[in-house]
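Chain nomenclature is as follows: A, B, C and D, assigned in order of appearance, with residue numbering initiated at 1 for each chain independently.
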Amino acid sequence: MMSLEPFLYLAGFMFAIGFAVLVIKRNAIFMLVGLELMLNAVNLNFVVFSKMHGTVEGQVVAVFVIVIAACEVAVGLAIILNIYKHFKNIDHHSINELKG
Amino acid sequence: MNWLTILIFLPILSALVVGLLPTGAYLKKINIAVAGLQLVVFSWMAIGFSTDVPTSSEYSEASFQFVERANWFELGLGANNSLDVDYFVAVDGISFSLIGLSIVILIIAAVSSLSIQKNIKGYVVLFLLLNGAIIGCFAALDLFLFYLFFEFMLLPMYFLIGIWGGPRREYASIKFFLYTLLGSILILIVLIALYSSSYVPTGVEGVYSHSLNLIDLSKAANYHVEGLLHAEQSGTLLGLTWRHWAFVLVFIGFGIKLPMFPFHTWLPDAHVEAPTPISVILAGILLKVGGYGLIRMGYMLFPSEANDLAWWVALMGVISIIYGGLNALGSNDLKKLIAYSSVGHMGFVLLGLASATSEGVLGATYQMISHGLISPMLFLVSGVLYDRTHNREINNYSGLASKMKLLTVAAVVAFFASLGLPMFSGFVAELLTLLGSFKSGATNGLLPHWMPVVATFGIVISAAYALWTIQRMFFGPFSVKEQSWSDQLYDLTSREKFMLFSLAGLILFLGVFPSFLIDMLDQSVAQLLILMQN
Amino acid sequence: MELKNLLENQIVLLKDFLPVGVMALGLVVLLMSELTALKTRYPNAFAWIFIVFFSVGPLFVEPLSVLEAKGSFNILLSLSALVFGLQNWSLTDKSRQNSEYYALVGSIFIGAYVLLNTSHFLVAIIGLELMSIPAYLLTCWNTKKSSYEAGLKYFIYGGFSTAVLLYGVSWWYGATGFLELGSIEVLVVALNQSSTPFVLMTAGCIVIGLAYKIAAFPMHFWSPDAYQEAPTPVVGLFAVVPKIAGFVFLEKLTLVLMGTTHWQSVQKIYLLLAVLSLLLGNLAALKQNKAKRMMAYSSIAHTGFMLFPLLHASESNLSYFHFYLVLYAFMNMALFLFLDYYERKFDVSSLVDFKGLGSKSVFMGVLLLILLISLTGLPPTGGFIAKLLIFTGMYEGLVQSGDLIFLFILILAGINTVIALFYYLKIPYFMFMKKEAVVKKINPKSFLVVNFLGFILVFLITVSFFMPTWLMGIINNVNFVQ
Amino acid sequence: MEFTNFISYFFIAIVVVASSGIFLTKNVLYAALLLVFSMLGLAGIYVLLNAEFVAVTQIMIYVGGVLVLVVFAIMLAHNYSGKPLVVENNNLKLGLFTVVLFVGVVGYSISGVHYAVQKEQDGANSVEAIGVQLISRNLLSFELIAVFLLVSLVGAIYFASKIRKT
């Protein structure tokens, strides 16, 4: 079995990509995709550490995180679709009625 | 129940009662009645007040009279310490005479308030709350209690200026509030340092409390060795020990209230915009709270640090004297002129305190009382004119003496008192202060000789603006800017006569018989000096 | 593995689930009763159900062995639920007579309860999510264009911070092998073996993730929008419930981190968060013209203030921190109660709308004034004692550690009090000093319940100035953290 | 190189390529499809790490549920706006900088880590272990996540019904 380090770097990379997508893409669905990437990076970390410590606790957390991510997507999409209805647009920069 | 407690809570309880009563002009009479009742109580106390309390090497409860002390709360801090706060009120000569001054001024202001027409109930409630806070502030010997009353004065004052004031009242009231709050935050920081450093035995073996009791705090033995404010604490910041810093913060904090250059800028605004009765209170009492606080928290708790920094204190005083005088000379608004003259006169308080001689400190306290009577009188004079014409520009008036004889008499008395002519109380105060500061150069060497010399120039400047103003406004041929004013300019009403001439009487009385007040102050000043000269 | 034995053990432990169970049952009852005719017959039925389940639920303060911690901020949760329920009970607004509304709010309470009482990261994360998801949706509740915008922003920031928090927790798990904050000694040993940059990253991620719930500096952006757009009673909850829960969890985390050798560096994160929250909150509040938005920034500033004791988390400092937290909760509950009152009665939304309202309802005006004085931290209100204690804590930090950073904080906090006064004064300024000829009066019925509640809360705040000992006594006698 | 190692690097490559694709593409639909690939790649990695249960959950919930939802949303959104769902990658450089910086920070932080416990798992039957965990130590979390699901669904449905009403 290979060392676990590359997986940790992969997780870091995914997290960074997710963060970058969140920052630069001006579309709410894109942002959601970025969030998913970040959460998956977290999961990968948990699974790797679960392997490393020889406990299943990390895997349990990973399962819970998947459920949380699914709920977030469901709720997020409900909001995003309402935004679409009102703004005809989900470009995050054109949604700027609130200021200050 | 102690008489002092009655003095403090009578107005506060009346404020609650007035809050429940229906509004109406009669409330203003209740206001006067409350202050009158306080005067009666005060007179009763004055009869029992002993003028020769023996001095000792340290402050103790015996240095004070009318002591009332009750446990308020003990807030547990840390393992076996607690913050011990008492309801502790008592007076010595200095605070007793200031309470007397306050009550007199409050009566005058309450009478002057009869002309208030807008939202009478709110006005009277706030006035009464202010009244209670002022007396409480002078009577409190526990710093927590003192700070409570000190802060509590702000809010009624803010609304009194902000609702019943002149055209720029909102700006003035917020400026007043922010400046004073800034000062009180500095004081709060020192307060925290004081109680955290203090380590007072509670009587139970091994249990100590953090105290805010002024008497405890004035004793070096009551500080914890590791506390920053312990006398032998070696730590320094920018070359000054922590105790020095504490004095600096207290000095600036109360200096804002005093007001001292360069923190005086709130004063002209607040004075100009406040309604006349509030200007009277502001000039007559609130500025003295600054001086009183400096004596109590600065000189009583940090006497040797105060002496180390005496040169700076006196310098600020001298600058205030000259700066205030010059600004007054340049003002065209009568109220602004009086406000700046207050800056100048309060500078003498700093000079006198810094000298650390019995004459100087006595002069400083005498100056507080004397100025507390003179500047309200000046404000009343300007208030009379403002009532008639709604204008305070000095240049708009000339030769008022021909139309308003009694007002002219009052104004001349007030301005002469202000410039420190013999026979008036200001003379005694400023003479004592200058004597003290000259003597200081010769004896303890705290102040260089040029300081009293420069301060004397301040008196010359105040003579200049006072005489010039009288000459411009009251003498010469009669003329006013608007023709319609000349009909409105009637002479003093009986109410105004009462206010102005009772003040004039008091000023003359204190000028002619200074020993009356000096007897009252003497022992307390001596007690303070014992600390300062150690 | 004997599954049967395991299950039998669990049945013994099930009594610990009682509070959560009661509240979850409340959720179900709320949702089920939507299907019955209850709503048409008794318009306020949902509020009653809510009060019964959610203000009673958290009071089962049996030590929870599974949660491995006991706390008594639960009483605050219960009080907050009571205030919320009564506040909504007194309304006849159609959009509030809705079981989903109460169910979502109920979920916030369950989440807060769990977060407050746990020291297990997984439970804490689920608790956080139980609070966050309903919060996003409640922000959109008014179904206006702008409220959806606020909801979306809240959602994006929330999702981001959840991910960051989880990332931090995953590293924590990696380094220590534990997901509990239970045994400090073991964790400290494990963390001491790691390098400082690693601990900094881990702690930084977790703290920033929590900062979102307590609305501290880098994660505060959502709060002004959400406060402005969410229904006001709900804003009252946002300001109180998640903040208490988040702060208590942060405190548990701090107690572990404090023991490590990396604390000097980790402390800087706290310092940065605290100072920037304080400054940014106060300075941004200065230029606001909407009441709720201003209060959002003010609550960010309060967060900064409350982070200071955690910089030097000695025993006495923590009790000052609890004192401030309790008073903060009282003050904000009352504050949004009042804002709701003014909003409904006089249609107030921006500060200018307060013009002349002081003379329209003197009683409420004076109460609000006292409240604002307390928020500024001036005597004679409890806010002063709270602020005094925080200042004292900073002073103790200065004396005990000799670190001049505490002096800097002390001065900064002092200056900020003055700045805060400036904007808090705006409301009484408009209320009492400005005159408005016509006041729009949309709801002539005055809520006696709200008035009474407001009075009680302000009374408590004032009493805690004159008798701080009772509150401090309660706080010191109850073991908040483990 | 061992076979499992090869497989590992293969999956890692899939995930890296797919997620870089998400970063680079301008089309939302492509992004969603690329997300499927990276999820599948991750599932493969989970299997290699003896986390079969997580892998199955990953495929069932993410690929089977979440992504269907996302694709539906994309289509609905397209329906509302009438514009193709393409965004400008106006700040690609900033994004790249962020990625490099972040990976650098993470790499720097984890380079000197000493883990407290390090022992090899026997690898057998993690599904059963997870099951036992879920009804013993993590029972509370398990119950809570049920409440959480209930609340999210109620909320999502409530707001979804608001969309339909116009």
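Everything that follows uses one rule, which is that contacts are C-beta pairs under 8 Å (C-beta built on N, C-alpha and C of every residue); 3 or more make two chains touch, one makes a residue touch a chain.
Model, not experiment: these values are computed from the prediction.
S.K.: Would you mind checking which chain's mean C-alpha position lies nearest the centre of all protein C-alpha atoms?
M.R.: C
S.K.: Could you tell me the distance, in whole angstrom, between the mean C-alpha positions of chain B and chain C?
M.R.: 43
S.K.: Please tell me the distance, in whole Å, between the geometric centres of chain A and chain B computed from their C-alpha atoms.
M.R.: Centres of chain A and chain B (C-alpha means) sit 64 Å apart.
S.K.: Starting from the mean Cα coordinates of chain C and chain D, work out the distance between those two points in Å.
M.R.: Each chain's C-alpha centroid was found; their separation is 31 Å.
S.K.: Please report how many Å separate the Cα centroid of chain A from that of chain D, as a whole number.
M.R.: So the centroids are 7 Å from each other.
S.K.: For chain B, which residues are shared contacts with two or more other chains?
M.R.: none
S.K.: For chain A, write out the residues touching at least two other chains, lowest number first.
M.R.: 15, 18-19, 32, 48, 52-53, 55, 57, 60, 64, 68, 71-72, 75, 78-80, 82
S.K.: Which residue numbers or ranges of chain C touch two or more of the other chains?
M.R.: Touching at least two other chains: 122, 126, 129, 133, 137, 140, 143, 171, 174, 177.
S.K.: Dump the list of chain pairs that touch, please.
M.R.: A-C, A-D, B-C, C-D
S.K.: Quick check on the complex: what are the chain C residues that touch chain A?
M.R.: 121-122, 125-126, 129, 133, 136-137, 140, 143, 145-146, 148-153, 155-156, 159-160, 162-164, 166-167, 169-171, 173-174, 177, 179, 224-225, 228-229, 284, 287-288, 290, 293
S.K.: Contact residues on chain D for chain C in the complex?
M.R.: Residue list for chain D touching chain C: 105-106, 108-117, 128, 132, 135-136, 138-141, 143-145, 147-148, 150-152, 154-155, 158-159, 162.
S.K.: For the complex, which residues does chain D have touching chain A?
M.R.: Of all residues in chain D, those touching chain A are 2, 4-5, 8-9, 12, 15-16, 19-20, 22-23, 28, 31-32, 35, 38-39, 42, 45-46, 49-51, 53-54, 57-58, 61-62, 65-66, 69-70, 73-74, 76-77, 80-81, 85, 87-92, 94-96, 98-99, 101-103, 106-107, 110, 115, 117-122, 126, 129-130, 133-134, 137-138, 141, 145, 148-149, 152-153, 155-157, 159-160, 162-163, 166.
S.K.: Which positions of chain C touch chain D when the two form their complex?
M.R.: Going by the criterion above, the answer is residues 1, 3, 6-7, 9-10, 13, 17, 20, 24, 27, 31, 66-67, 100, 103-104, 107, 110, 114, 120, 122-123, 126-127, 129-130, 133-134, 137, 140, 143, 171, 174-177, 189-190, 193-195, 197-198, 200-201.
S.K.: Show me the residue ranges of chain C that touch chain B in the complex, using the header's touch definition.
M.R.: It comes out as residues 315-316, 319, 359, 373, 378-380, 384-385, 388, 391-392, 395-396, 398-399, 402, 404, 407, 410-411, 414-415, 417-418, 421-422, 425, 429, 432-433, 466-469, 472-473, 476.
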